[in-house]
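Common to both upcoming complexes is chain A, partnered first by chain B, then by chain C.
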Partner chain A sequence: MSITYIGARIGMFILVVWLATTVIFFLPRIASDRNPVRERLVMMAATGNLATGMEKVVAAYEEEYGLDQPLYLQYIRYLSSLVRGDLNYSLINYPTRVWDMIVQRMPYTLGLVGISVLTAFALGSLSGATLAWPGAPKWLKGALPVFLTLSPIPYFMLAIMLMFLFAVRHQWQPEWWPLLPLAGATSVTTVYDGWNMDRILDTIYHSILPAMSIILSQIGFWALGMRGMMVTTQGEDYVTLAQMRGLKPSRVFSLYGMRNATLPQLTSLALAMSLIFSGVILVEVIYRYPGMGTLLYNAIAGFDYFVIYGVVFVLIVMVAASTFILDIVYPFIDPRVRRAA
Partner chain B sequence: MPDAVLSIRDLRVYFNIRAGTVRAVDGVDLDIAEGEKLGLVGESGSGKTTTALAIMRMIKPPGEIAGGTIQLDGRDLVGLSEPEMRAVRGNDVAMVPQAAMNALNPVRRIRSQMIDGLRDHGVSESRERTEERLTTLVAQVGLNSNVLNLFPHELSGGMKQRVTIAMAICHKPRLILADEPTSALDVVVQRQVMETLEEVRSEIGAAVILVGHDMGLMAQFADRIGVMYAGKLVELATVEQIFSTPRHPYTRLLISSLPDTAGKRRLEGIPGLPPSLLEIPPGCPFMPRCPEAMDICGVDVPELLGETDMVSCHLHTEAATV
Partner chain C sequence: MRDLGAEPTQSSAAIQAEAETSSGTSYSALSQIGYYLLHERMLSIGLFMLIALLALWLIGGQIVDPKLADPISGPQTASPQSKYWLGTDFNGRQVLPLMVHGAPLTLRIGLFAGVFGLGIGILLGFLGGYMRGPVDAFIRIISDVFITIPSLAVLVVVASTIKESAGLSVNMMGLIVASLSWMWPTRVIRAQVLSMRESNYVEVARLNGMGDLEIIFRELMPNLFPFLAASFVGAMASGILAAVGLEALGLGPQHEPTLGMTIYWSLYYGAVISNWWWWYGPPILLVAWIFISLYLIAAGLDKWANPRLRQSL
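== the complex of A and B ==
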């Protein structure tokens, strides 16, 4: 892989992030020319919640952010602070820095998204590939329509359904019916001091339902895509020749079939990341899971503009990064791209 | 033929589709001697490729081997279980595929793909020994050993076809099936590839069935030629006999439709179309197009008869002379 290829990918990554943040910056400014800090101040005053630190907040922002200055100067300021990794202060939780809030929430979201998306991708692709192969087990054939039915349902709807079924006690549920945590990432009764094994296990236990809402909804999508790709691959001459050379069916299936059918699936995965993130935000809100989605939701509800900016910026970086990673990894998994790389 | 490597009797391959049963191969008898080169010709849909696939037991649904026996060294392949058959493929019978352009896995190096075959046929040896073996194999087909490090897209069409030949001879098979191995190559490379195939074939002493419709290629390569029409073998004779004294009217028309480099004769085709394999008419399948058709041809299917030059035509049976 050449330096120019990597350079071009990095350039593309920066360009995408820059364009997206620019849109994020200008869109609310074009829509209204009101000062968000003053808006917030007025709102809090109206509800009698004017905290003592409020004047300091306005002063800090007027100075820090230069809200009275022309738009292009504000934009330059905004960009230069982003480059320095400075996401400003939270309006509601002043003087907490937005960056610190995000760092606190990030592991939860990354863990939830990472594990559920990878699980769904792996399970879906594997079952899709098996379904395309002669001799696929009957139960799997029966399961596909079920997952296909689940796949167009938005994550948050599935989240509510799962919550209703598995987080709430009903009359009709038999004794053995499992009940899982309704909300949060750890038990309310336990206070943890830093990360340890118990806390990780507790978090995983609390993440089952949010993760299942994503996994159940996605399996059908990946299975369908993989089945289609696998059917195409099976018609390829190299699979036929592999069979005619007397290779073992397991080897033909994995190294000749799946290995090739996975390539377009990975592209779909990188492209689907933005949709997945936006879906995860709502799942987090429903389960009051302390990730970036809940943070964003609360920020929107409380007009905490700088938290919104910050979270959206980090989400943009994550989505752009997933595409970037795919671009870097792709030449290693598809030698035909290597020449172009 | 008692010393036959391959002995096919009454092979029938049917495709059961909604419209009925397509008789792609309908009662083929064929013997191939050790080290013999047999050309199988015929127009598209005559059943030549299907016959080759049937020998490999690679007929896929809705097709099936509806009857007959395929004996390889006295062992009936039709009766083998799928795992037993897998061990035969590549080991006793090898295939040189039609479109080498896409016949190799695009994401794996040639070396790994060749090693796959060794592993799955139970060859376990040291890495050095394997490397030596692979180097010898690719050298046999006229390639440098650095192709082992390459991916298929880095090879030319001719090189890819040579790799498939190297794969085919890897286990010294008794029989090689070559299904139009040069159809995707230009004429110069075609010749080189065919010469390579002949060289390695004679080295390992394998018999070859060359499937194709290039009569010129057949004349240069084969010992005997089998002519197929509508799922049946209509004539089977040595190359000399086929070209000098073709006996079946279809073979005659086939040869007279070849371009002539000497004269400025107009190219002539065979009028009409082969019958639908769904409803093969009674009697000789070639009768509707045959310039020498007789009354009996419409009612009775001629058998493949003869000693060295076998033909299935009523012009050469008792029925016609009576």
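== the complex of A and C ==
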């Protein structure tokens, strides 16, 4: 992997983040000539809701984004504060910094995204590859249409359906029917200080339904893509040659088939990251999972603009970073890219 | 890797040949469409599902009084019964009229996104694919970058600004989600135009003295049809997805019962825990119905455009 390849990827990462933040800065100002943050601050001051010490925030905001300031200056100040990682204070929980609130929530969101995407990608790709190979089991063939039907449904709607089925007691459910937690990441009755094994297990237990709603929706997508690629790979000469050389079928399947068919899947994964993160944010809202999605939901309900902007910014960076990581992983799997890069 | 250009040109030529040999008549866009509707199961099921929904809305709109979707038109959270077929919600709205009234609003948001996304996609795609050079490089990079940006994040900022200052309407929602629905159409159309303009029949048309516009409308557009239709459907689905997502976050039209808003209010009042399934169930099933039908249509169109997929499926 050469410096130019990595350099180009870093350039793309910066371009994506810069363009996204620029759009976020200008689009609302085009769409509406009023400044909601300012109005919010004025209203909070008028109703006496301003926490002590918050005058400073208001004064700083006026100085940087006030109406008398030219737009380009506002824009430059906005960018420079983002580069410094300054996401301002929460309007509702005043002395708390937005960045601190986000850092607290980030592990939950990243954990949910990571585990569910890895599981769905692995399960989907593996079953898709098996389906394309001769002698695929019947039950797998029968399961594919079911998962394909689930795949266009938004994650958070599957989340509500799963909640209906597995988190609420109904009369038609038999005795043995499993019921999983309805909300949160730990049980309400237990208070944990710091992270220990019990808390981790409790969190995993609470994450089953949110993760399942993402996995169920994705499996069909990855299976379909993998099957298509595997069919193409099967017709390649090098696979025929490998079979003729008498290699073990499992070896031909994994090293000659799967490895080559996985490459386009990784490209699709990089392109799907933005949809996946958006979907996870919404699933969190349904299960009141204490990640960034629930933080965003509460901020929207309370018009806490600095928190909204902060979560959105971090979300954009996380998606761009995940694409970047996949781009860096790609050459390790595909020697052609490695050599060309 | 990212350029899907080369194959589909051959494929549409292959489809033409296939259509010609099977029907024995000369190729025309209409016979091609008709042939495919009959032979492409996914496409016809998807279209049927969508038409069924539209019919339900047209017939339902005639029978069901829209006033019944107003608050206090029935008792609070009544379960389904002979008088209220799908029950009522927390504010005494009747759920069935709410659905008849709400489904077209959600579809309208999707139409906004589809029309806008396809329009911009055609404009930019043709501009890039036909002009090439720096214009094309710019369009390609911009659409690639915007695909990477999580559009929900951008839309949250826009919608939360507008909500506070002006309030959101269904049309406003449509415009907001439409503003980020052009990337995939642009990408797909650009790749197609790029490969088609090199093909023999375009060369022949050019040698025959056809102008650029004439080539675009008489040679490229008809061959692009499945791609344009798939782009439209895709933009529509992504627009509805974005709208439903925004609504779930509380950033939707407060006074109009789109499907997403009905889901939002049901969650807001804790309908799942209280087991008022008749309230959130119908809008979820309707949205799922819409997405599945759009998905089937898009997949069917894909197979139409790309015969390789046809063999593998």
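We adopt the following convention: the second predicted complex is superposed on the first by the 311 of 341 C-alpha atoms of A that agree within 3 Å, B and C clash if a C-alpha of one lies under 4 Å from a C-alpha of the other, contacts with A are read in each partner's own complex, and residues count from 1 in each chain.
By definition in this document, a contact is a pair of C-beta atoms (placed from the backbone, for glycine too) under 8 Å apart; a residue touches a chain by one contact, two chains touch by 3 or more.
As the structure is a prediction and not an experimental result, all values here were calculated from the model.
Enquirer: Is the arrangement of chain B and chain C around the shared chain A a clash or a fit after superposition?
Expert: After superposition on chain A, chain B vs chain C: fit, no clash.
Enquirer: For A:M212, using the defined touch cut-off, is the partner it touches chain B, chain C, both, or neither? Pick first, second, both or neither.
Expert: After superposing on A, A:M212 lies clear of both chain B and chain C.
Enquirer: More chain A residues touched by chain B or by chain C?
Expert: C
Enquirer: Classify the contacts of A:Y256 with the two partner chains as first (chain B alone), second (chain C alone), both, or neither.
Expert: A:Y256: touches chain B, not chain C.
Enquirer: Quick one: is A:L144 in contact with chain B, with chain C, with both, or with neither? Answer first, second, both or neither.
Expert: After superposition on chain A, A:L144 lies in contact with neither partner.
Enquirer: One more residue to check, A:P152. First (chain B), second (chain C), both or neither?
Expert: second
Enquirer: Between chain B and chain C, whom does A:T240 touch in the aligned arrangement: first, second, both, or neither?
Expert: first
Enquirer: Once the two complexes are aligned on their shared chain, state how close chain B comes to chain C by Cα atoms, in whole Å.
Expert: 14
Enquirer: Considering each complex separately, which residues of chain A are in contact with chain B in the first and with chain C in the second?
Expert: Common to the two interfaces on chain A: residues 263.
Enquirer: Which residues of chain C touch chain A in their complex?
Expert: 1-2, 141, 145-154, 156-158, 160-162, 164-166, 176, 179, 237, 241, 244-245, 248-251, 263, 267, 272-273, 275, 277, 280-281, 284, 287-288, 291-292, 294-295, 308-309, 311-313
Enquirer: Applying the document's contact rule, which stretches of chain B touch chain A when the two form their complex?
Expert: Residues 56, 58, 86-91, 94-95, 97-99, 101-108, 116-117, 119-121, 151, 153, 164, 167.
Enquirer: For chain A, which residues count as touching chain C in their complex?
Expert: Its residues touching chain C are 12, 15-16, 19-20, 23-24, 27-28, 31-32, 34, 36, 39-40, 132, 149, 151-154, 156-157, 160-161, 163-164, 167-168, 170, 182, 227-228, 231-232, 263-264, 267, 271, 273-275, 277-279, 281-282, 285-286, 296-297, 300-301, 303, 305, 308-309, 312, 315-316, 319-320, 323.
Enquirer: Would you tell me which residues of chain A are touching chain B in their complex?
Expert: Within the complex, chain A contacts chain B at residues 236-238, 240-249, 251, 255-256, 259-260, 263, 333-336, 339.
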